[in-house]
Amino acid sequence: MASRGSTAVANQSSVVKWVLRFLVIGYLLMLVAWPTAYVVKHTFADGLTGIQDALADPDVVHALKLTAQIAVIAVIINTVFGVGMSLLLVRKTFIGKRALSVLIDLPLSVSPVVVGLALVLVYNGRFGWFGPWLEDHGIQVIFAKPGMIMATCFVILPLVIREVVPVLEELGDDQEQAARSLGANARQTFMRITLPGIKWAVVYGVVLSLARALGEFGAVKVVAGNVGGETQVATVLVQQKYQNFQQETAYSVAFMLVFMAVLCLVVVALLRPKEQES
Amino acid sequence: MSIEIKGVNKKFGDFVALDDVNVSLPTGQLTALLGPSGGGKSTLLRIIAGLDSADTGTISIEGTNATELPPQKRNVGFVFQHYAVFKHMTVAKNVAFGLEIRKRPKAEVAEKVDELLRLVHLSQFAHRLPSQLSGGQRQRMALARALAVEPTVLLLDEPFGALDAKVRKELRDWLRRLHDEVHVTTVFVTHDQEEAMEVADEIVVINEGRVEQVGTPDQLYDEPANDFVMGFLGEITTLNGVMLRPHDVHISLTPQLPGAAEGTISRLLRVGFEVRATVLTDDGDEVTVVLTRTHARQLGLETGVRVWVTAASGALTMPSLSVAR
Amino acid sequence: MASAVAVGGRPARKRRSASSGSLTRGSAFGLGVSMIWFSLLVLIPLSAIIVKAAGGGLSTFTDVLTNDNTRAALGLTVVSSLIITAINMVMGTIIAWVLVRDRFPGKGLLDLIIDIPFAMPTIVAGLVLLSLYGPESPIGVEVNSTRWAVLLAIAFVTLPFVVRTVQPVLEELDTDVEDAAASLGATRFTTFRRVVLPSLVPAIFAGAALSFARGISEYGALVLISGNLPRKTEVVSVRLFSFLEGGNTEAAAAVATIMLLVALLAIVALDVIQRRVARRG
């Protein structure tokens, strides 16, 4: 019955209610909504020509393709890792589990530039710990795609895990044990019982990581060569174009990135209620 | 009269929760609002407390018109089904809350809290957090918290609903004794007719937003105003177009009373000291009969035996206009 | 539904599987692979920074810390992040409150807007802010290359953290408890201060720790709008980047180590608070 809501709680003094409402709407408008909307306006100031011009630039097209490619690969790697790690963290006991679950969150608090620096120190071909050996075997990491993928993976590492772990904890392992008792093996139990239970959490985590991966800037900038048409991703291109006074192109590419980000959010928002229903 | 409810209506969207409710609840008594879930009794209680507001109608408490008063000013104690404890405060702090709000002197607060914790048998738990208490203890704490402000009326919303059967029974007896000690006008909501009959001085039966009947437990049981009340307060069965209680059915192996219906025992169930027989009459009625084991043995009842059933003399009967269940 | 939730006073969210299994051969292999990847990606590179910084001895750190520009950048970053974190604790709680308790058309849109800073590329965030608060500001507010710009950019990127940690706690909060306080005579304000706020505090601090950690590490959103003026608007990430570009990896590693330490402090604080929440129940 409490779900119906209490009049006493809902009927807060209407003055306070309006002040809070105004404050929140004003704050979000000035900080997020208006600036974001203004970028859209800026982009379409001359109709579609801004976007068309931008897409006519081969560097732009290449940067967008590269960004998409890196984001997709990083998200796939991270999803497999994230789901596996979540299962281990929730369902298994092993030494150092607590420490590991704290360390998993580390990337959230590390500056992207530090991420880049860390990878450079280990994987660069001249003085890195593993870099020279890897280059001798024909694998270039820094200033190449592997480094950019690793940087992206680093940044999005906790996102899937943070979504899946609470859902796994909530689910408990009763159903899994029931499946086991009915003769299902580990793989069948995972595919038929566990995965359907965490499906929406995984999708949510994937969409969030995709949004972050498409937009990663600092870490990728450090490890990539940033050569236009070769190792320059979309975000770095935005900065370079802006600083080269090609503002129209910068805004157009920025708009496309914002569009992707908002699209990801809308997908997530649409998924949310479904997740509660199931 | 302590609480006067006049012409109260309440809708949630299209759902009519209360439909023109008029009730007077007497001072110093323990009254039960009894009815099925979703019948509007909790809503009525919350409206008395000011936690919900009525669409129309008035509420007066001890002669004061409380209709427009916010809950803070009604001086009612409210006990919630799920305790609504303040999790971050100790038991003593929970009980002291209302007094601290009223800015009573510290010494007085401490004394009062001590007294109340003794009353609810929680003295040794004063400095624990609610999470360290059992459900029954939490509810006793919630009761002490409500009583601390010396409310004009004490309102309890399904207070024992979340507790297991044994604790519920204990707390029910305890509430009755507590009321005999404290004498505060008390209204509690329940869907359990046994609980209402055992504890309350007076029962208000509410169904589908309407008051069906008001009376003492005996009145309701012996003189139900309608088939709903009769059905809700105890088991009923239908025989020859009248409703009656299964233990009021006279059963015999030969036609003894005029108008008895003939039938066959289709099922015999022993529950402790009583026997429940299902008789399929030749008219097609399925009649439930309850009798003692001794009686059943004397008659030699078994499935398949032919019997005659009719209302015992002095039985409470009511024409069955609608099928009550 | 409500009854199932509130019996224990709190939903069974923290349920640990009673029979959490020990490692089987398959899961041990999985753990091994995961740990190797995690080490190669995160642990070894981060240790490399510390090793590099330590390799230069204590003098690297003293050199870095006595450098006026670096010290100013560190100070600016930490102070700005603290200011914004304090603002987030207040505004984030208010926003969460309005999102959970108020009802008005368009509220769903506000909910979406909260996540924009999280999903938006940081460089674009900078550009977005620059479009409204930059040299061509349509409202005549020009803050680029001032310390206001640093605050603005940090406020933008850290917006979701407190809101998103407080919101679920507030949603789960039993309104009965507020009703109980009201019937005991507490005013709305007293109820909020004495009953609601204490339940929110752990979440507010958890969000604050995340917000602070993100604030001190922000780079992308700041490059364009802050102007990167040494000793005025240059934040530590930008400083770090210029060390890197100049090939001064030792100084870069030293600065990075200091940043990691501050971030680690924030994480430990977060974990301590979360454990405290879990204990209460």
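For clarity, chains are labelled A, B and C in written order, and residue numbers in each chain start from 1.
Definition applied: a residue touches a chain if its C-beta (ideal position, glycine included) is under 8 Å from a C-beta of that chain, and two chains touch if they have at least 3 such contacts.
A quick note: this is a predicted structure, and the numbers were derived from the prediction, not measured.
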So which has more C-beta pairs touching, A-C or B-C? A-C
Chain separated most widely from subunit A, comparing mean CA positions: B
Using only protein Cα atoms, the chain sitting most centrally is C
I'd like the Å distance between the centres of subunit A and subunit B, where a centre is the mean of that chain's Cα atoms. 55
How big is the gap, in whole Å, between where the Cα atoms of subunit B centre and where those of subunit C centre? 52
Intercentroid distance (Cα basis), subunit C paired with subunit A, Å: 15
Tell me, which residues of subunit B touch at least two other chains? 50-51, 70-71, 82
Among the residues of subunit A, which are close enough to touch at least two other chains? 1-2, 6, 8
Which subunit C residues sit where two or more other chains touch them? 2, 6, 174, 176, 179, 182
Considering the complex alone, what residue numbers of subunit B touch subunit C? 49-51, 70-78, 80-88, 97-98, 101-102, 129-131, 135, 138, 142, 145-146, 148-149, 161-162
Complex interface listing, subunit A residues touching subunit C: 1-3, 5-6, 8-10, 12-13, 16-17, 20-21, 23-25, 27-28, 31-36, 38-39, 42, 81, 84-85, 87-88, 90-94, 100, 102-123, 129, 150, 153-154, 157, 166, 169-170, 172-173, 177, 186, 208, 211-212, 214-218, 222, 234-236, 238-239, 242-243, 250-251, 254, 257-258, 261-262, 264-266, 268-269
Could you please specify the touching residues of subunit C with respect to subunit B in the complex? 2-3, 6-7, 9-10, 174, 176-177, 179-187, 190, 194-195, 198-199, 280-281
Subunit A partner, complex, touching residues on subunit C are 1-2, 6, 13-17, 19-24, 26-27, 30-31, 33-34, 37-38, 41-46, 48-49, 52, 91, 94-95, 97-98, 101-102, 104, 108, 110-124, 127-129, 131-133, 138, 152, 155-156, 159, 174-176, 178-179, 182, 188, 210, 213-214, 216-220, 223-224, 236-237, 240-241, 244, 249, 252-253, 256, 259-260, 263-264, 266-267, 270-271
